[in-house]
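Each of the two complexes below includes subunit A, the first together with subunit B, the second together with subunit C.
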Partner chain A sequence: MNITLNGKNIEIAQYNTLNDFFSSLKEEGSALQVPKQFAVALNGNFVPREQYDKSSLQEGDELELLVPMQGG
Partner chain B sequence: MNDEQLLRYSRHILLPEIDIVGQQKLLASHVAIVGLGGLGSPVAMYLAAAGVGQLSLFDFDVVELSNLQRQIAHRFSSIGKAKVSSAAATIRDLNADVQVHEINASLSAESFAEHFAAVDLVLDCTDRFSSRFAINQACVKTKKPWVSASAIAMDGQLLAFDPAQEDSPCYACLYDDDGDEGRRCAEEGVLSPLLGVIGSMQALMALRSLLEGPLAVGEMKRFDARDLNWQSLRLPKKADCSVCSV
Partner chain C sequence: MWKIADREVNSRLLIGSALYPSPDIMCKAIRASQSDIVTVSLRRQTFDGTAGEQFWNLLKELNINILPNTAGCHSAKEAITTAQMARELFNTNWIKLEVIGDDYSLQPDPFALLEATQELCAQGFEVFPYCTDDFVLCEKLLAAGCRILMPWGAPIGTGKGLMNPYALKQLRQRLPEATLIVDAGIGAPSHASQAMELGYDAVLLNTAVASSNKPIAMGEAMGLAVQAGRLAYEAGIIQEQETARPSTPTLGTPFWHQDSTP
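Take a look at the complex of A and B:
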């Protein structure tokens, strides 16, 4: 299926939940790199970590992975 | 206000959103600015120019040559001086109406809370997570509204919090305090005027809060300096947050 990840259209396999998708990114040989710590926004709404396994990922979803920013 | 003040703030007083009453409100306000670096510089200078009556400046660093590319409150002649002293000198030179308090120390959440008790608003312009989490705890404890901002490389973000509002999230609803270092300017660099964009937005949110009361909470504003786009992301309060839901 196609989703938008940090503003870029990408094609990924079908995943039931955000958790499944993030686990696949952590596997060796994954084309996409996932940062060590990040916050997640799905279609403009932040998703708490505890909800990753309850949040489904669907065709056309807009996903943002935000790395915490220290700079000031 | 005396005649000189009426003239100095005339362009504010002309605004129906401010008027004389609003300007008097600003002159009677007290804002804490934590971090006098890239963000704290424009924030402090705009609030001073706008006539915010009292500014408490918190920092424990000294001015270095590599700061001057973006930290516009400091001068070449200030290298080696405490950032709070350097910024205070700039503020006093801008506007003698402003009373400046210099706190040249690294503080714990408890010490921040003691200082914040006296202020109307807190602005987080720091460059490290330990400070952001300490400010978050202190603001939740004292129920003070605050605006957190950060900028790095080509990205900036702003978040307003108001622990006095029941549905307001806190910083710990967004990120876990796990000691992770995140992205830092010393490693990734930062585009100089990006600090002006984000810092000016933070100063603008501060004035709106002082003039009109409660900030709109639960929304992160992100700015991308590559395509010049702003984006809003909604941040709900976390039901079991260890800081704000206990």
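Take a look at the complex of A and C:
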């Protein structure tokens, strides 16, 4: 299926949960390197860490994976 | 020491972490400023980098209070989601709430800012709203649950200093209980001092230090300027006078001056 990850359209396999998807990103050659510290929004809504096991991805979902960055 | 929200800190300077020539200079400039609070942001993890992780490690090294921002948000919904993500990522309920209403001046959108503030305060955030110096807006932000207000000195990154000292002075006088921080527009140490002389509790700046030719030296200068301004405010600045008054005592003036007296 296709999703948008950080503004980029990517094709991914079917995963049962967000946790499964993030685990796949840790594999070599993945679309994006999953950092140690990150926070997630799915379709514009924040997904708390404890919900990763209860949330799944659907076709056309927009996933944002944000990391710490410099700011003013 | 002074208290900001529920934490005690030494410095009255809050400093940004962006725009420095290098991560090393950023760390040295922040340390030189003696600031206890650094602002940070959240951005997308890039597809080819580990910048987020490197920055995270630098923050751990600095070991000071972190104030995440919602920079770049243009709606209450975006700002609320970003704040929720920041709370989890940085493990703090502090949020510098920015909701931009005009891309030209980077002026905050007062309506969306108030809407986001109401929601985030209800969710237990300590909201540091980046706002204008509009008294009515500031009053409504306090009513929504803010203890801290951060009116702009001038548009972000302009370095113009305090564009409307009258309005800032009025805010200080009319909102004596609020923690007031001038945020944005500071260019020179004298601007930071001026804000502190008005009785502001602190100053937040970034570009003035990071884009200076010598950010480490400028960081130190800003820290000292904030200290000087606060000391002057506490000491009490004299009232301006329209006419000259001799500072040297006139009693005992030597005889040769007496001839010239009409």
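The working rule: the second predicted complex is superposed on the first by the 69 of 72 C-alpha atoms of A that agree within 3 Å, B and C clash if a C-alpha of one lies under 4 Å from a C-alpha of the other, contacts with A are read in each partner's own complex, and residues count from 1 in each chain.
The rule we apply is simple: a residue touches a chain if its C-beta (ideal position, glycine included) is under 8 Å from a C-beta of that chain, and two chains touch if they have at least 3 such contacts.
The structure presented is a predicted model; accordingly, all values stated were derived computationally and were not measured.
With subunit A as the common reference, the superposed partners subunit B and subunit C clash.
In the superposition on chain A, A:71 contacts both subunit B and subunit C.
Look at A:8: by the touch rule set out above, it reaches subunit C but stays clear of subunit B.
When the shared chain is aligned, subunit B and subunit C each come close enough to touch A:39.
By the touch criterion defined above, A:29 reaches neither subunit B nor subunit C. For subunit A, the partner with contacts to more residues, out of subunit B and subunit C, is C. Once both structures are placed on chain A, subunit A residues 36-37, 39, 41, 44-46, 48-49, 64, 66-72 are touched by subunit B and, in the other complex, by subunit C.
Listing the residues of subunit C that touch subunit A in their complex gives 16-20, 26, 39-47, 49-53, 55-56, 59, 68-69, 71, 77-78, 81-82, 84-86, 88-90, 156, 206-207. Of all residues in subunit A, only 36-37, 39, 41, 44-46, 48-50, 64, 66-72 touch subunit B in the complex they form.
Those residues of subunit B that touch subunit A in the complex are listed here as 35, 37-40, 124-129, 132, 149-153, 155, 157, 173-176, 178, 180-185, 188, 190, 220, 232-236, 238-240.
The touching residues of subunit A, counted against subunit C in their complex, run 6-8, 31-41, 44-46, 48-49, 64-72.
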